[in-house]
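Common to both upcoming complexes is chain A, partnered first by chain B, then by chain C.
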Partner chain A sequence: MNIRLDPRTKLYMILIVSAVVMMSATTPLLWAVRIIITLVPIVLLIAEKRYASAFRFFALYTIALILTFFFLSDESTGIIKSLLTGYCGIIAQFLPAMITAWYVIRTTKIDEFISAMQKMHIPDGITISLAVVMRFFPTIKEEYLAIRDAMKMRGISLGGGNVIKMIEYRMIPLLFSCVNIGDELSAAAITKGLGGKIKRTSVAVLKTGAADIVLITGFTVAAAVFVIFKYFV
Partner chain B sequence: MMKNNIEIENVSFRYKGSAESLLDNFSLTVKKGEVLLLCGESGSGKTTVIRLINGLIPHYYQGELEGNVRVAERDIKETELYELAGTVGTVFQNPRSQFFSVDTDGEIVFGPENIGLATDEIIRRKQETVKELDIEKLLGKSLFELSGGEKQKIACASVSALLPDIILLDEPSANLDRTATEYLRETIIKWKKQGKTIIVSEHRLWYLRDIADRVIRMENGRIKNEWTGKDFSGLSSESIQKLRLRPLTVEDTFSSENDSSSFLDMPEENAVILENFFFTYKRRPHLFFRKKLTQADEDILTLNIPKLRLPKNSVIAVVGSNGTGKSTFLRCVCGLERDCPGVITMDGKEYKGKNRTELCYMVMQDVNHQLFTDSVMAEVMLSMKDKNEKACEIILESLGLLPYKDKHPMALSGGQKQRVAIASAVAAGAKLLLFDEPTSGLDLSHMEMVGQLLTNLARSGSTVLVSTHDPELIGQCCDYILCIDKGKVGYYKIKE
Partner chain C sequence: MANVKGNTSPKKNLGVKDFITVGIFTAIMFVVEFACAMLGYIHPVMVAGLSVLIPLVGCIPMMLFYTKIEKFGMITIMSVLIAIIMFVTGMGYLGAPLIILSGVIADLIAKSGGYKSFKKTVLSNGIFSLWICANYFPVIITADSYRKDLIDGDYSAEYCDNLFGAINYKTIAVLLILCFVFGCIGALIGKAAIKKHFEKAGIV
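Presenting the complex of A and B:
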């Protein structure tokens, strides 16, 4: 199964998911809407054969929900319960948006993205900055893994038990190499004509297919149901 | 008469905030269709010349620029960078940082898209480039999955798709193995036939020997010597050595058939013994317990070395093409791959799993990843179990780092950083030192320094494994050559 979505649909999904999770769910119906729209990106991740991340997100979210509904309440007291409330609150609130963003970053090619942004008449400055950010995620990951290896070899993965050192040892080399790579990257991109006054073309063909229409309709309905039942009923 | 395509007149340049000037009253003209090779030590100004021509100086890297630069009848100072995109193309040294896209197709069309060509023209150019450079196999892949050589192919293709008249290459072979370098040579020959003007700045000279029409050797920002391509190929190896250049011919040390593994019978106490080094990236699905890899899993093994003896106190070169398991081998030896069941025995003591990191230390190709603190001294102390300043200073002294002990490691030169990494390995008590391509992109003097360092480490009681593509380094300092081929030991011999 291979679903190719228009980047615009994906951006719309991020928008709706973020908006819905920002409004607190109070009734079972609102929870149901929220859970359904969280399941959509998980299903999409499975369709992309990214089983591991789909499973991880699903497990995290399910655990947070179960804890919230069955073990925690407004009357919970004690350190563990208050920590758990914090954890579950954050997961239940923000994970859906994170899953969607993760899915979008993982499945959108940069030229598709630029092309979609151009179709929406977003200024080039914004488009290119966002494209660079997207381009940078895998690089950061690569660099981070190399640094983690280096720390393992030195036996300082735990920073000698000092949390601040643990972060410092990771961040210093990471920042240095990201700055260097970023600098070389922009030099290379500029010599290939990025940032010129000429209007950029794009070979990425954006097709809005059935899946896009279904998702856009679905998400619009979900958002409408959420808002209506929360504020007007 | 052929027109001059590039004219550099009396140019002096220094970067903003830097005291020394990189170019000093430098003049150069390049004719249309000429292939020019720039050589000379690091810091002699080769890269600066490349940046002058592609306009990154003065538009991206700012500084004080005097003199005139004209490229394809345009004054560089007055020309915006994007206007040069269809005229001057540049292949950079580092394959990791010259891509804007994350997939191969996107990268090839990136340039043509930027200059606003029509969609069908872009697709036509892409198809032509792909055919010409023979890279069909690489299409539709993520750039992060490619080997260094493959990335450089895509870099060449993305420059080629812009159809520039002038192509600049800044140390393009620094991270390439022999096969990939030969491919690069073919690409340059194709461009030359199309009548493009080509300037290559390079330390490795063998692959450009009979392509270059003219060779310039730079020193301290000036042209020191100039030859026609023919005269240059005629230079004796002694005079090349005297000019501090890397050799014009290299013997194919890698494809040797004669196997003289008799030294493998050496007594066990003189050897570091590696056993059961198996590893795979294609993990079988598992539920809770991962099955331990054995030789029986041969069909999926990326690394398959049941037993190997490394002679103590020697330098062993690890050779083989990109992607045949050299890096995997080094990663497994130093314990970075936990799934590898390998056992190292040295002086009667066994090191397994995580303990392997106590015995081994790897100096990575990008040494920036392994410097963590804010001074050289602190960096070395971090590795010591019992923090002893005296011992630390002795180590620094032996590596010539004592004058820099209070400097920030990131403020040092590449070679000095490498030595700081070695110092911390020595301080941690590592007996088996691994080097992952320590000389890629180095000039002759720096390469000889690394070679000397490796020899010294071996003489002072360490065993050194060094993965490399540089026959010059092997010739200088290695005692044994171990070839890894498809994850197995291809051959293993004493260097003649």
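Presenting the complex of A and C:
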């Protein structure tokens, strides 16, 4: 099974999910809407054959929900319970937005993203910078892991217990490699004709298919139900 | 001819290289913010501590960013990106005006120093640090309903009491000042760190 979604649909999904996440769910119906909205990107991740991450998100979300509903309540006091309540609340609150953002970042090719943003007439500055941000999170993680390995090898991973040193040892090499990668990236971008005065054509053809229409309708309905039942009923 | 002219006057227009620089440093700043915000889960008072932590931890990337700025608009674009990322990660849109406003003002201040004057850079970084307070906006503006939302949303009452004890109408002024002051201090530290590491290596 292979669903190719239009990047604009994905952006719309992010918009709806972040809006719904900001309003807290108070009744079972609202929780149901929210859980369904969260399940959609997980299903999409499975459809993209990203089983591991889909399973990880699903497990995390389920555990947080089960703990929230069955083991914790407003009266839970004591340090562990109140901490746990805080964690589960935060996970249940923010994870849907995280999952959706992760799905979009991982499955949208940069050229698709740029051509979608161009079609929506977003200024070049925002488009290019945003594309770089999206592309850069995995790079930062990779570079950071490399730095950590190098530090482990020399046995200075804790910086002698000095917090400032700990930050400095990680931050400075990270910045060095990021600056270098940035230079390479700009060279590559210029080769590909980004930032020219002429309108670029794109290999990625954006088509709105049946799946897009279904998802857009579904998310719109979900958001409408959420707002109506939260504020007007 | 107009096109050719646009390409040959690098002083005025932002180019691809600038956009990429903005993107990279925004990503780094967001990672810094995210890492610091994790501490907020430990205890709500730490959430208020963000206004000290983020400027101090983020000072080195910010100052490195300032050395790369030559044209108006880069700090503004960064603030817009931060506003977008905050919205996408579920922090809400209430803080967006503050973030973008502080970005534009910081940009103007840095511009008045020609992006070279160190004093103006310190001031500009202080102003730009105010965006951190946007994290608190949902707490302050909608204090009552937000508190109810949090408790309904299964945060413990204890967490809420601590949170609202640390962040409310009275303390926001203090938090804003803290952001500004530590933004300025951060600029000094960042400058020293850059001198120590990057100028020697010839990156700046």
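The rule is short, and it goes like this: the second predicted complex is superposed on the first by the 211 of 233 C-alpha atoms of A that agree within 3 Å, B and C clash if a C-alpha of one lies under 4 Å from a C-alpha of the other, contacts with A are read in each partner's own complex, and residues count from 1 in each chain.
The definition used in the following text is that contacts are C-beta pairs under 8 Å (C-beta built on N, C-alpha and C of every residue); 3 or more make two chains touch, one makes a residue touch a chain.
What you are looking at is a predicted structure, and each value in this text was computed from that prediction instead of being measured.
Peer 1: Quick check on the superposed pair: does A:26 touch chain B, chain C, both, or neither? Answer first, second, both or neither.
Peer 2: After superposing on A, A:26 lies in contact with chain C but is clear of chain B.
Peer 1: First (chain B), second (chain C), both or neither: which does A:138 touch?
Peer 2: Only chain B; A:138 stays clear of chain C.
Peer 1: Is A:90 in contact with chain B, with chain C, with both, or with neither (first, second, both, neither)?
Peer 2: Once the two structures are laid over each other on A, A:90 reaches chain C alone.
Peer 1: Looking at the overlay, does A:149 come into contact with chain B only (first), chain C only (second), both, or neither?
Peer 2: In the superposition, A:149 contacts chain B only.
Peer 1: Between chain B (first) and chain C (second), which does A:172 come into contact with in this model arrangement: first, second, both, or neither?
Peer 2: In the superposition, A:172 touches chain B and chain C alike.
Peer 1: Could you look at A:109 and tell me whether it touches chain B, chain C, both or neither (first, second, both, neither)?
Peer 2: first
Peer 1: Regarding the shared-chain residue A:197, is it in contact with chain B (first), chain C (second), both, or neither?
Peer 2: So A:197 meets both chain B and chain C here.
Peer 1: Figure out whether A:189 sits in contact with chain B (first) or chain C (second), or with both, or with neither.
Peer 2: both
Peer 1: Where on chain A do chain B and chain C both make contact?
Peer 2: 131, 168, 172, 176, 181, 185-186, 189-190, 194-195, 197
Peer 1: Can you tell me which positions in chain A touch chain C when the two form their complex?
Peer 2: 14, 18, 21-26, 68, 72, 74, 76-77, 81-83, 85-90, 92-94, 96-98, 101, 124-126, 128-133, 136-137, 140, 167-168, 171-172, 174-176, 178-179, 181-182, 185-186, 189-190, 194-195, 197
Peer 1: So in the complex, which bits of chain B are touching chain A?
Peer 2: On the chain B side, the touching residues are 54-56, 59-61, 80-86, 88-90, 92, 94, 96-103, 106, 109-119, 122-123, 126, 144, 158-159, 162, 331, 334-336, 357-358, 360-362, 364, 366, 368-373, 382-383, 410, 424, 428.
Peer 1: What part of chain A is in contact with chain B in the complex they form?
Peer 2: Interface residues on the chain A side: 109-111, 131, 134-135, 138-139, 142-143, 146-147, 149-156, 168-169, 172-173, 176-177, 180-181, 184-204.
Peer 1: Touching chain A in the complex: which residues of chain C?
Peer 2: Residue list for chain C touching chain A: 3, 6-7, 14-17, 19-24, 26-28, 30-31, 41-42, 57, 60-61, 64, 73, 77-78, 80-81, 84-85, 87-90, 92, 138, 149-159, 193, 197-198, 201, 203.
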